[in-house]
């Protein structure tokens, strides 16, 4: 059984979701992982997209966060301001699933700029829902492919906060949620050290050398005292993920008639 | 409410220098109205939108935008908005001032605007760099608990333009499906314009449907397919393929200009625009 | 969400001394749940409601209420709530502390509660005497304009109890018609209980219907007619005649007690209560 | 043609509403007057009740502000908090129609208590929506039967503000709306003096002696320089009002089957 790095990563992320979890999902890998969990071991995962759709069960992955599929399969649709006030800030989200362009050793994320903010080398899309997801969701899962360009000693801009300057600096700033619990990469899984809150390699995928993970990280990556050997994806997860991607590719490449 | 042609509605209500919000979160984005603004060359605009999307990429690339207030500036599920990036990174075709929020902050700014409060309150921006760069973000102390909370200055556009499914004979507008911040953007604005898929005698609206009453709508225009390549729930789906193509079209200045000239400046109205898109698809 | 009998739901979730909100603005007032609280004699309550209505008149008259937070305490279209008046004017059957708002203030307090903000902001209470008597009303200065605005302290009930039309097999609840502040009261609370007209396999809910998802509902009980003499849109109308009769029933302590003993304490559940009302009507 | 004092008062109030006005209506005489206007000379009057119903066209007068009739005939229904934030505070109401238990010479209203607030002689229902209606509606119409007990030199409690202490004290307090434009009584109509803002008798009903109005007022009621002779109700208005009340009485006395 062979599988790609992205498949391993998506399955590893999905497995972390237990059934009945209320999950605030961003587009991309987070959406794939959360839907994979819902379609396999966690059928009662409640998916919330920031477009205002609550309890969606899409058959294919949405390309945008507001595809019609999300509205049609939702338990309810609420105005977007309400998603952020009553539902996210209201403390009703168990897990916030985030991606980013860059992460630092304390799980702070940058999705805003590379270079100077006012005269950026590269302007990225920006923070979107992430700052308040990172603040309010009880637990934060981050999904990000590892490379020295994405796992950096110093992010150019803090779009959303993880453990801030480490230690208890997050709690002191008054953020209600517990902060990043896990960073799922294509090498393995990072978790914060319980005291310093610095991200450490805590789990490694089959056949991956921890030294390779360290080489892919832009800061000197510590390895946890007990390094978990993360199992390969099950056939069930792989089959479900591949079927989901196949359905999604078909749906997104379908040319619909123009509304003439 | 008065029912106008799209051309007349834009000509009469949209003026250079205004603060405009074309809202709709992925769904019901008023593309036809944006294209008509481009055809009429109404410039020097301050555009507001949570997600600038392709329509603001086009307005920015055509040099019509002076300022942008937003919270996420990408091509959803695809990547960058290349024209927005070019304006920010290279000041092409003109410099762009921008005011950046989180989604929660933008939502609070629209909500405050709709309520005609000068500011909105949220437990937000904690530990982020955004407040350092946006003076529209500040803080206030709770008079009961002493907690320090973030504030955002209210957003009150001169004109908000929206797309919806139906307008009835009296001018009431039905919006169905994902709402985004459309109602807040509408109620925050001094004038509200709608394009709609169709005019009907009586709205297809069950009790508790989202209806914007006729007396808060300044004008409406029937524009079939007016949200394409965005979508209108129950009318046509989002053209995800076009969103993916846009990445290629907008990547270079030349291909962008050529596309805009052929498809938008070179067509008289939205129907002609869609026909030209169709011709391109048939040829490929 | 767990589906329980009304008796068990109240016994398990409502405790003496709690802050309770039984909401519903004229529509969908959870009378059956209020009566069950009376039958179980759960007292020392802090009740919250925009409009106390007959159900709080009954709870107050039965001596179960320590505090009341409200914004309009009358019998709609009829006159006074005599039991509320007796408690305030004569401390009968026990003294009542009250915290009084305007509707706009109460709405802002619930909204802040739902958003888990410690306070809400409104341009309110200008030139009124209410802030002098309610320390939950204060002021804050806008960080952008310097305007002084009113604030209200958030309301976060221990338990909010609501009535609705339908619950589905998974526990999602449909609310149709006039909503009042029910959603805000629900989302502001630590626990949310529903009585509903019926359980259905699939909700009769078009897109954009008002649905409370199962995972925010602590428990629900099917109680047909559970809002009577208030009403449930599409099920039964408001019993305006009973609201008018209540004026006579509640005017005197004796007639009130006798009515409560016969109709509420003397019946086992809501069906028996309605039957007894029916017997009285047949006899007259 | 004979008519009652209440009929004269209701018709006088209705006539002040011009077509297309957006009107925030309370229960009782305001609701009767606004609906009478809608059913006669001003069919496009937009009625808004604080229950969240916008653009209602009830066939019978609601007993409560949230009767099902209002929901069934509304253009839309919005949550109650939104009525007060987006619609009333949002500046979208032309006319706010208020009643009260007591009024003072500056149009301030009391509907809260008679006697001391903490130990009241008579506890009244309270302010409800009135304080912010009085603040935000562009124009305020007050409907109140005149007597020395209701038109008083000093109200026991200011539930909602009119012209405060008179002069420009309302404007200085920052209330956006223009304040009470007219008080419709069962003797005639009072309007504020343009400078002092004290209410004066500015119009009198047919056959009513201005001295009788003065006797019914608890403060020395000034009479405007030009006292308007208000015409009697038209047959059309009277017929429509009586039919409305007859329909309403029938509807409210109907015993509906119990939901057993």
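Order as written gives the chain letters A, B, C and D; numbering starts at 1 within each chain.
Keep this in mind: contacts are C-beta pairs under 8 Å (C-beta built on N, C-alpha and C of every residue); 3 or more make two chains touch, one makes a residue touch a chain.
For clarity, every value in this text was computed on a predicted model and none was experimentally measured.
Undergrad: From the C-alpha centre of chain C to that of chain D, how far is it in Å?
TA: That pair's centroid distance is 27 Å.
Undergrad: Quick check: how many Å separate the C-alpha centres of chain A and chain C?
TA: Taking the mean C-alpha position of each chain, the two centres sit 41 Å apart.
Undergrad: Can you list the chain C residues in contact with two or more other chains?
TA: 116-117, 122-123, 147, 177, 179, 183-184, 207-210, 233, in rising order.
Undergrad: Scan chain D for residues touching two or more other chains and write them down.
TA: Residue numbers touching two or more other chains: 71, 77, 85, 89.
Undergrad: Among line, ring, star, complete and other, which one matches the pattern of chain touches?
TA: It is other, because the touches fit no line, ring, star or complete pattern.
Undergrad: Touching pairs of chains, all of them, please.
TA: A-B, A-C, B-C, B-D, C-D
Undergrad: Can you tell me which positions in chain D touch chain C when the two form their complex?
TA: Touching chain C from chain D are residues 27-28, 50-53, 62-68, 70-71, 77-81, 83-85, 88-89, 108, 112, 117-118, 120-132, 134-136, 157-161, 164, 170, 173-176, 251-260.
Undergrad: Spell out the part of chain C that touches chain D in their complex, as residue ranges.
TA: 25-27, 50-51, 70-74, 76-78, 80-81, 84-85, 88-89, 100, 102-105, 107-108, 110-111, 122-130, 133, 147-148, 177-181, 183-184, 224-225, 228, 231-233, 235-241, 243-244, 271, 274-275, 277-278, 281
Undergrad: Flag every residue of chain C that touches chain B in the complex, lowest number first.
TA: Residue positions touching the partner: 116-119, 121-123, 136, 138-145, 147, 149, 151, 153, 176-177, 179, 206-210, 233.
Undergrad: Applying the document's contact rule, which stretches of chain D touch chain B when the two form their complex?
TA: For chain D paired with chain B, touching residues are 20, 22, 46, 54-55, 71-72, 75-77, 85-86, 89-92.
Undergrad: Tell me, which parts of chain C touch chain A in their complex?
TA: 114-117, 172, 183-184, 187, 205, 207-216
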